[in-house]
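Each of the next two complexes has subunit A plus one other chain: subunit B in the first, subunit C in the second.
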Partner chain A sequence: MELQECKARAGPREFGPHDDLPREYREAATRMIQFHANSEIMGAYLERPFIRQSPSLDRKLAFSAKVQDEIGHGQLLYRAAESLGVKTREEMLDELANGEGKFLNCFHYPMTEWWETPMIAFFVDGAAMRRQATIKRTSWEPYAHAMDKICFEEGFHIKHGEHIMRELATGSRREQQLLQEAFEEWWPRILQFFGPTDDESTHHDFAAEVGLKTMSNDELRQAFLNAYLPKATEYGLEIPDEPRIREEDGRYVVEEDDLDWEEFWAVANNDYAGSHEQIDARASAHDAVAWVRATISGETA
Partner chain B sequence: MSSLSGPDVLSADERAAIEALVFPLADDEFVLAERYTEWQVRAPTLESDLALANVAQDELGHARLWYDVVADLGYDEPELLFERDPDAFYHASLCALPFETGDWADAVVRSYLYDTAEGLRLDSLAGSAYAPIANRIERITTEEEYHREHAATWIKRLCVDSEGRQTVQNAVDRLYPYALALFEPGEPTQTDVIESLGLRTESLPSLRGQWIQTTSTFFDSIDVSVPVVELPQGLPEDPGRHDPHVAAWLSLYDDFTRTYRELDRAHTPTITSEHNDG
Partner chain C sequence: MIWEVFRQDEPGGYHTHCGNVHAPDREMALLFAEIQHARRKPTNSLWVVPQKEIASQTDETDRFGGTTDKTYRWVSAYNVDVEFAKEIEDSDREQRSVAGDSA
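Right, the complex of A and B next:
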């Protein structure tokens, strides 16, 4: 298929493994889905210590199940990426281990305290949910299909995160304070979750033309802001002064220039201090069991 | 057989015997589950990661089933887990032993040894005179059988070449004596009462004998040798229950109680008051 035809036909769930798609399409789709799959793995990696640190048996079970779900999402997404015929799953997992694989900004930052967990499990998962809902209409059918299951499970994760947040927000004064501090630290990163501003987004135009993306980064960011800022205040959280947020025609708009884009690009290039920490730790865990993969590699699937 | 239908009909002696029987079951499952969860996002493949997470969650579920039995005798979850002294736990040290990073053979060998023991232990409780124990056996047994199959399959997969077999052999050599201690009683003074009340219908030495038989037959069939351990002198110095001296356990305990301590949850019971400003 010529690129021109691909663009003309582009629409929700339009293309699948039986279509002879142009290389540009397959590479762009691979980049997007690989990024998404990597993010599932690195998100799981960030949250895994909280399985142990959960303050009740129920929470422990929920965290273990959540981390397991994220690995399952990674598995589904790598399969959806693999079906484009550009890279194998092993190649993508190796790239993640050796620091070439890219993933979501929020998973580059260390998370050490329980009261930080709703920042991922409520806000970031909520942000992910909004983006993923739009991907149900992406043009690569296996990706859209994976999203059906992922969005379903993500709904439970957000409830789990919201429940932890409610517990802290209605807990002792100290718990409320710790939650507020975590929120202030994470809020700007959460707003950067949707990626660079539209004028800086190098891949957006092409991805939109071939139907891989259906909404721009800034559109998603504003939609998230308008849904989640009220939720944050509902739980008694105070919105930090920076980045500035103004109201226009009854809608909240974030002053994007107030966000630290230098840090964002360092993160995006796996070049932030936290990036090295997360990637290296995950890589050494991956390498430590390379012997098992080698041992079973002779098996026929 | 006389039947003890539930917590309300028990004498003080009967309660003590039930606690002595159930705490080790609950603690073994809980602590082992903690070790399994360490493999989450660290297992060799995405598939094995998902499978081991299932096992971990099953074990946590079993721990909860057993903790519920003692909870009905008048304990709450914080008392059972987060506020209990680390030296008041009854798990066998097999469950708490740390392992080298990447030692997947440890994960599957430990699982096989434990789940085989667990299967026998559950069989000996299916006819328990205390109804809340007997009622739980069927559900737990089904899941433990699946775990044992999963572990046995993995052990065989690792034994396809001599290097893989050696890692299995090393794990068996290291873990086997600790696994033998799964058949040590939690509170030795309660053993006679447990048996005379019919809470358990087989003795621990008899269960251990069957376990040695079953595990030896399995490992023989795949050319892995089982260490000969003289009982009881061949057991490790800290083989079993009630040993607060294993540093690995203390560190695990410290980690799993950390949030609970930091949030000072002991003084703000969330069940009784939603809004508590302390």
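Right, the complex of A and C next:
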């Protein structure tokens, strides 16, 4: 198929493995889905310690179920990416281990304390859900099918995250204070979750033209802000002064120039201090269970 | 030889199992599958798979998802509001609609 025809036909769930698609489409879709898959895996590793650190058995069970779901999302997405015929799952996993694989900005930062967990489990999962709901209409059918299952499961993640946040927000003074501090630290990163501003986004136009993406980064960021800022205030969180947020026709708009884009690009290129820490930790966890993979595939380790 | 047949109604949908056919080879299996299962119902695509290639397991021998209480992994376990975001409301509804079978 010529690129022109591909653009003309582009629509929800339009293309699948039986279509002979142009190289440009396959590469763009691979980049996007591989990034998504990597992010599921890196997010799971970030939350894994909280299976141990949970303050109660209920939370421990919920975190273990959630981490299991996230790893499953990664596996599902590597299959959707692999079906484009550009890279194998093996190659993508290798790239993630050797630091070439890219993933979401929020998963480059360490998360060590219990009161930080709603920042990922509520806000970041909420942001991811907001984007994922739009990807149900992506043009790569296997990707859309993966979204059907992922969106089904995510409701539990976000409600669980909000439940933790409510517990902290209605807890002791100290818990409220710690939650506020975590929020101030994470809030700008959460707003950068959706990626660079539209004028800096290099891949957006093409991805939109071939139907891989249906909403731009800025549109998603604004939609998220308007749903989640009221949630934060509902729990008594104070919105930091920076980045500035103004109201326009009853909608919140974030002053994007106030966000630290230099740090964002360092993160995006895996060049941030936290990037190496997260990538290496996941790589060594992956190595530690090499014997399991070898046993399953019948090789001798 | 028996082939299991999977039919997809429209582009972008799932291939769902709809029956099986006798056929000596793939080509004939597709032809018979088409005649039996795709001639009347609107069909976008068909798959045929040799029956002996399919591994199966049922809930008579295995309780899928285990036998312990796993309410903690369902939306219904958390009484927080979902109305602020449509995508969470949708997920909540989807989970509740199957929870009767699985929770």
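The rule is simple: the second predicted complex is superposed on the first by the 291 of 301 C-alpha atoms of A that agree within 3 Å, B and C clash if a C-alpha of one lies under 4 Å from a C-alpha of the other, contacts with A are read in each partner's own complex, and residues count from 1 in each chain.
We adopt the following convention: contacts are C-beta pairs under 8 Å (C-beta built on N, C-alpha and C of every residue); 3 or more make two chains touch, one makes a residue touch a chain.
Because the structure is a prediction, the values reported are computed rather than measured.
J.: After the alignment on subunit A, I want to confirm one thing: do subunit B and subunit C clash, or do they fit together?
T.: fit
J.: If you stack the two complexes on chain A, which partner ends up touching A:P110: first (subunit B), second (subunit C), both, or neither?
T.: It touches nothing on subunit B or subunit C.
J.: Is A:G236 touching anything from subunit B or subunit C once the two structures are fitted on A? First, second, both or neither.
T.: neither
J.: Once chain A of both complexes is superposed, is A:P17 in touch with subunit B (first), subunit C (second), both, or neither?
T.: After superposing on A, A:P17 lies clear of both subunit B and subunit C.
J.: Check the residue A:A227 against both partner chains and state whether it touches subunit B (first), subunit C (second), both, or neither.
T.: The second partner, subunit C, only.
J.: Counting touched residues of subunit A, say whether subunit B or subunit C comes out ahead.
T.: Larger number of subunit A residues touched: B.
J.: In the overlay, answer first, second, both or neither for which of subunit B and subunit C A:G85 touches.
T.: In the superposition, A:G85 contacts neither subunit B nor subunit C.
J.: In the overlay of the two complexes, what angle sits at the CA centre of subunit A between those of subunit B and subunit C, given in steps of 10 degrees?
T.: 70
J.: Report for A:E141: first if it touches subunit B alone, second if subunit C alone, otherwise both or neither.
T.: A:E141 sits against subunit C, while subunit B stays out of touch.
J.: Is A:Q75 touching anything from subunit B or subunit C once the two structures are fitted on A? First, second, both or neither.
T.: first
J.: First (subunit B), second (subunit C), both or neither: which does A:M129 touch?
T.: Once the two structures are laid over each other on A, A:M129 reaches subunit C alone.
J.: Report for A:S56: first if it touches subunit B alone, second if subunit C alone, otherwise both or neither.
T.: first
J.: Once the two complexes are aligned on their shared chain, state how close subunit B comes to subunit C by Cα atoms, in whole Å.
T.: In this superposition, no C-alpha atom of subunit B lies closer than 6 Å to one of subunit C.
J.: Need the overlap of the two footprints on subunit A, from subunit B and from subunit C, as residue ranges.
T.: 61, 65
J.: Under the touch definition given earlier, write down the residues of subunit B that touch subunit A in their complex.
T.: Spelled out, the residues of subunit B in touch with subunit A are 34, 37, 40-50, 53-54, 56-57, 60-61, 63-64, 67, 77, 81-82, 101-102, 104, 157-158, 160-161, 163-164, 167, 252, 255-256, 258-260, 262-265, 268, 270, 274-278.
J.: Mind pulling up the subunit A residues that touch subunit C in the complex?
T.: Checking each residue of subunit A against subunit C gives 12-14, 18, 58, 61-62, 65-66, 69, 126, 129-130, 132-133, 141, 144-145, 151-156, 158-160, 162-163, 166, 227-228, 230-231.
J.: Quick one: which bits of subunit A touch subunit B in the complex? Just the residue numbers, please.
T.: 41, 44-45, 48, 51-57, 60-61, 64-65, 67-68, 71-72, 74-75, 78, 113-114, 167, 170-175, 282, 284-285, 287-289, 291-293, 295-296, 298-299
J.: Going by the contact rule set out above, which residues of subunit C touch subunit A in the complex?
T.: 11-14, 45, 70, 72-75, 77-80, 82, 84-88, 90-92, 94-95
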